[in-house]
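Take a look at the structures listed below.
Presented sequentially are two complexes of subunit A, the first with subunit B as partner and the second with subunit C.
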Partner chain A sequence: MNPTLYEASQNLSHGASMLISNYVFPNDLHVHWSMMIVLYPYITGLVDGAFIIAALYYLFDVKSLKPIARFSLLFAFAFLCCATLPLLLHLGRPERNFNMLLTPSPSSAMAGFGYIYAVSMGVLSFIVLFVYRPDLVERGKNAKGFMKLIYRALTFDSADLSEKALALDGKIIRFLVGLGIPVAAVLHGYVGFIFGGVKANPTWSTPLMPVIFLFSACVSGISAIIIAYIIIRKIGGRSVDSDCIRTCIKTLTVFFILAFSFEMLEVFSHSYLKTGYHHMVEGLLNGPLASSFWLWQVKICSVVPLILLGCMAFITLKDSIYTFIAGIVSCILLLQVFIMRWNVVIGGQLMSKSARGYTVFHTEWFDKEGIVAVIIIMLIPFMILFVLGKIFPFWAEERKGGIQ
Partner chain B sequence: MSKHALRIIMVVASVVLMAGVGFVVKELLIPKSFGLYGPYRADAIDEETQRVLRHGTNASCFGCHQYEATIHLTGNHKTISCEFCHGTYSDHVSNGRKIATLPVKKGDEITTLCLRCHNTEIKARSTMVIKTVGVPDHLKKQNVKLTHTCNQCHHVHAPLKYINEAKKITGLMEVK
Partner chain C sequence: MIIKDFPPNQDCSHENFPPSIDKRDFIKKVLKGTIAGSLFLVFPMDISSVGSTAVKNSETTNNIDPTIKLPEEIPEIRDRQYDIHKQNFAFIVDITRCIGCGSCCVADKREYNVPDGNYRTWVERYIKDFDDQVYVDCPNGGLDGYQKPRTDIPLNARDTFFVPKLCNMCREAPCVQVCPVGATFTSPDGFILMDSDRCVGCAYCIQACPYSARFLNPITKTAEKCTWCYHRVRKGLLPACVEVCPTGARKFGSLNDENSEVYKILKGPGVLTVLKQSMGTLPALYYMGQRLEVV
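For the complex of A and B:
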C-alpha cells in the first residue's frame, strides 16, 4: 500500500474511532505473539553472545578476554535457564510442552527447538562444571554433610587437581566449547528459522532471518557482558580491565556491522525483489513501524552506535573515557536488539493476511504477557546469576591455580 | 589410567545412560495408538466420535418450526444458521424432545445482534456480500426514530420481506 493510501485509511479509521486501518481479517486483529515472544529470541540471543565471548577465550585463545570468560559462561547459563520461561508463560497449557517433546513432529519447528535447547543446556552445564572444578574441589574440602555430597557430585567425585588432570580438563573444555559453538549457533539460528519458516508472513519468510537473528544475538550478548562487567566491577569497587573492554568492543563492532548490514539488506531485498506482498511490507515499515523501525532501530540505535564505535576505533581515547563510551554503546545496542526483536515479532503481525489492512498492538502492564511479567522474567536470570555467584566466583583473579 | 580420567569416562557413560533412559521413558510415555494413521493419537478419533453433539443443522430446526422455515428459506438470510442467532440446538432439544426454551432477543438486543454482522465499522466482508449500515446514520436516513430497532422494518428471517412488500404496494423505487 502506498503511504498516501495508508494515510487515507488511517484518517478514515480515525473518523470511525477505530484502531485498525482498511480491511483486517477478524483473526488478524489481535497480535497473538506478544511481548513474551519478543523476549524469547532476546534471551536466547543474550545466551549466544555471552557464549561467543567465552568461546573466544577458551577455544580461540583470545587472552585479553580472560577477565570475563568465566563470567560470560555463568551469564550465558543463567539466561539459558530462563530461555523457555517466556514460551511457557505464553502457552495457555504450559504442561503440554512435554507432549511436543515426546512425539516431535517433523513438521513442527518448535519440537526441534526443545531438543536443541536440551543439548545446549547440557553442553553449557558441563563446560561450567569443568571450568569451575578446581574451585568446587576447594570448596568441597571445607564443606560438611549434604553440601559435601553436592560438591562431590559437581566435581564428578574427582578431587584430583594435578597438572595432568587439569590438562585433561582443559582439553575437555576446548572440546565442549568447540561443540558448544555450533550448538549455540543452531540454538539461536533456529529461533530465527522459526520466524523465517512462517510462509504466511511476508516480513518473516526470508532465509536471511536466521542470519540476522544470529548476528544480532551476538551483538546483544556481547553488549550485555560489557555492561554487566563494568557495573559489577564498579559496584564492587574493583578495576575494569581496559584491554578486555577493548577486545570486547572490537568483537562487538564486527558483529554489529554484520548484523546491521544484514538487517538493511533484508529491507533492500524486499524493496528490490518486490515480491507479491512487497507493498504490505513497505506499508508496514513506512506506516505502523515508521517510528520504531526507521527512527529508533535504524537511526538512533544503529547509526549512533556505529559512529561511536567508529570514533572508538579511530581515535585514541583514555581508558576511562573508552570504558564509559563502551558502556553507553552497549546500552544502546542492547536497546537496538530489543527493538529489532520487537519490530520483527510484533511488527510482523501488525499487517493482516488480507494484504490490505494494518492493526495495532496494545501493551498492557498487568497482563499475563504484560510489561510487569517482562520485567519479572528479565530479573530472574540476574537472581540466578546472584545465587550462582555464591558458589562459582565470577572473576578469574579470585582464585589461585587451576584452569585459567 | 588416572582416577580422574576414570571419573570422566564415568561421566560420559552416565550421560549416555541418561540419554538411553530418557529415550526408553519417552517411548513408554507415548500413547500406544500414536502414529497409527499419522502424527497423532489414533484413539483420539474414537474419543471424538463419542462426544455428545451440541449443534444441529437448520434442517433439525425446520422439522418443528415450519412457519419460520418458509420465511427463512425465501429471504436473504437463507444461508444463515438458526443457531447463530437463537443459540445452541442441544440447549433446546434433547433426544428429540424439547427440554427448554431458547432466549428470545427483544428490543435493543435485536439491534446488537444484527450489528454483529451488519455494522459498517466491522468491514468484515465487502458490501457486495453483506449490506452494512452505521447506526444512527441509517435510522436518520430512513426518517425513523433513533429508538427504532432493526426488526421494526426488517423481518429478521427475511430482511427485505416487508421492504419489498411495501415497494409493491406503493410502487416506490429506491433512489439510486
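For the complex of A and C:
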C-alpha cells in the first residue's frame, strides 16, 4: 500500500476511510460514456443558446439583436443537423438507431430523444424557411427544372411577397418561435434529465441537473454566437454592431450568473446535506477532478469571466475594447461549458458504484470516440453553415425588404 | 491396514464386530471395485440407467429440450407445464460460507463465454484490520480464486470474508426503466433479461444499474448481464454458479416449493438483507450474514 495513502487514512473519518482500498467494481473500470456524450449536450446546448438569441428578436422584439437574429437561426440549424452524429458514433450498434423511434420504451427518458429531436428540427426548419422565404422566392425565379421544383417546395409554393403575405409570414414566425422556445427547453432540459435521472450515480442524480444544463446551454450558445459574429464580420472587413454585442453580453451575463449559481448550489448541497456517498462526491471533486473542476471550471473559466462581465457592466468602455473583451469572455465561457460537460459526464463516471474508489479515463486520438472524431464533428456544422451562407444571407443588411 | 482372521468363537458384539474376510478376498474385491469404477468413468452412463423418469417424460413434452442428459435440480419444472406467470424464484448468497475459490466465476465465464475484463458475476475479498480499516479487492473478478493473502496491508488482518456479486434481479429494475428500446425487460417469472438483437448499445442501462452488474460486450457491442442462467432454470437446472459452489454459498430455488432451501431460509426467522436498499430497487437477490462494510 502506498504509505502516504495509509498515513492519510489514519487521520480520516470513518466515511472517508472507506476510500482506503480504492476499490472499483470490475465492470466500472471502463468509462462507457466518453467524449461523444460530452459533445452531444455541448452541441444541443449551442443550438439552444443560439435559438434564444433568435427568439429574443423575433418573439420578444429586442430590436438591438436584429443584426444577428437570422445568423443565430442558421447557426442553430447547422449545429442541430449534427446533434445526432456524436450519438451515432457512441452507439455500440448504430445501425439499430431507428429502434429508438420504432420500438421506444415509454418508461425511458432516452426513448423520447428521437421525437424531441424531430420536433426541434421541424420547428427550426420551418422558422428558417419562413424567415428566408423572400430570398428563396427570388432564387426560385431564376431557377430551372428540378431546382425550380425544390424552390417551390421550400417556399411552400407561394411566390407572393406582398405586404400582406409578409405580415402573415411574420405572424407564423412569431408563432413558430413561441413554439420553439419550449421545444428547445425540452430538448436540452431532457439531456440534463438523462443524467439527472440516474439514481445510481450520486453526482448526476439531482433535479438541478436539467436546470444547470439548460442555463449552461444558453451560455454556450450565446457565447458562440458572439464569437462567430465578431470573427465572421472581422474577416469580411465589416463593422461589428456594438449595440448588438452589448445586448448579447447582458443576456449572457444573466444566464451565466444563473448557470454558475446552480452549479455551485449543487456542490454546496452535496457537502452541506452530507447525503449518502457525499464522501465520494467530495473525494471526486477534490481528487481526480481537482484540476478540471476547481481550477479550470470554477476559477479560470467562471470567476474570471464573472469579473470581466462585472467590469463590462459597471465600467463605461469604448466600443472596440468592449467588443474585444466580449470576444475573450465568450471564448472562456465556451470552454467553461465544455469543461462543465466533461466534468459531469466523464467525471461522474470516474466514481465507482462501489463507493470505494475512482477509475481513470484515457483519451484516445483515433478512436471512433476519440479527439480527432470530436474535432471533425465540431467542424461539420461550420461547413454546413458555410454552404447555408451561400443560399441564405447571414446578415440583415444584405437584403432589403421582407422579414429581417 | 491389518486384517486378521478371527476364530469362530470370538465374541461378535456390536461394538467390535470385525469383517470376516481374508486378505486375498479383500484384495480381489478392491481390484474389482477399482476396475468397475474405471469402466464407469470410461463409458458414459445411459440416460435410462439414471432412473429419472422426469428426463424420459421430458423427451415427450414439447417445451423441454430433449438433449438434456442431466438430472433435474429444481423440482417441479421439467415435467410440468411451466406457467410463466406463477413462478417465483429467489437467489440467496450466504457470505459466511463463501471461501473465495472462484469456481462460480469460472463456471459463469464458461457458460457464457464472457469476454476477458467483463464480469457477469464476481467475488470480492474484504479484509478488516485491527484499526477497522477495510481493504477490498477483486483481482480478475475473483476468477483465479483467492489463493494467496494480501501482503500490502500494514496491520494484521482481524477479519476477512468474500462476497459474491451478481445481478440483483430488481423488481423495480432501473435498467429496465431506462432502456430506450425495450431490449432489457422483466419476464413474467421475474427475471431481468436482455434481448441482444434489439439492444442498440447506448450503455444507459450500465449507467443506471446501482450494482454495476452490466457491461458492454466488446464483441457483440451490446449490453450483457447475469440472467441467473434462465436457460438452465427453464430446464429444471440450477444456475451454473450455484451448481459448482462447493460450500453452498450460492443458493437458488423456487419460493413456490416449500421444501426448497431458499423457501425455508426466506420464510424462516434468519436475518436477510439486500444490497443498496436505499436505491429502492427491491432486489430478489438476498444476502445472509451480510456485513456493514459491503456496498
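The rule is short, and it goes like this: the second predicted complex is superposed on the first by the 383 of 404 C-alpha atoms of A that agree within 3 Å, B and C clash if a C-alpha of one lies under 4 Å from a C-alpha of the other, contacts with A are read in each partner's own complex, and residues count from 1 in each chain.
Criterion: contacts are C-beta pairs under 8 Å (C-beta built on N, C-alpha and C of every residue); 3 or more make two chains touch, one makes a residue touch a chain.
Note that this is a predicted model, so its numbers are computed, not measured.
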{"item": "Clash-or-fit label for the pair subunit B, subunit C on subunit A", "value": "clash"}
{"item": "Partner chain in contact with A:157 - subunit B first, subunit C second, else both or neither", "value": "first"}
{"item": "First, second, both or neither for A:197, with subunit B first and subunit C second", "value": "second"}
{"item": "Between subunit B and subunit C, more extensive residue contact with subunit A", "value": "C"}
{"item": "First (subunit B), second (subunit C), both or neither touched by A:352", "value": "second"}
{"item": "First (subunit B), second (subunit C), both or neither touched by A:26", "value": "both"}
{"item": "Partner chain(s) touched by A:270 [first = subunit B, second = subunit C, both, neither]", "value": "neither"}
{"item": "First, second, both or neither for A:91, with subunit B first and subunit C second", "value": "second"}
{"item": "Contacts of A:246 with subunit B and subunit C, given as first, second, both or neither", "value": "neither"}
{"item": "Touching partner for A:105 - first (subunit B), second (subunit C), both, neither", "value": "both"}
{"item": "Shared contact residues on subunit A - subunit B and subunit C", "value": "18, 23, 26, 103, 105, 107"}
{"item": "Partner subunit B, residues of subunit A touching it in the complex", "value": "16, 18, 22-24, 26, 101-103, 105, 107, 122, 126, 156-158, 160, 162, 164-165, 168, 172"}
{"item": "Sites on subunit B touched by subunit A in the complex", "value": "2-5, 7-8, 10-11, 15, 26, 29-30, 34-35, 39, 120-121, 123-124"}
{"item": "Residues on subunit C engaged by subunit A in the complex (per definition of touch)", "value": "117-119, 122, 124, 131-138, 141, 152-154, 165, 174, 176-183, 198-204, 206-216, 220-223, 278-280, 295"}
{"item": "Contacting residues of subunit A [partner subunit C, same complex]", "value": "1, 6, 9-10, 14, 17-18, 20-21, 23, 25-30, 32-33, 90-94, 96-97, 99-100, 103-105, 107-111, 113, 194, 197-201, 276, 349, 352-356"}
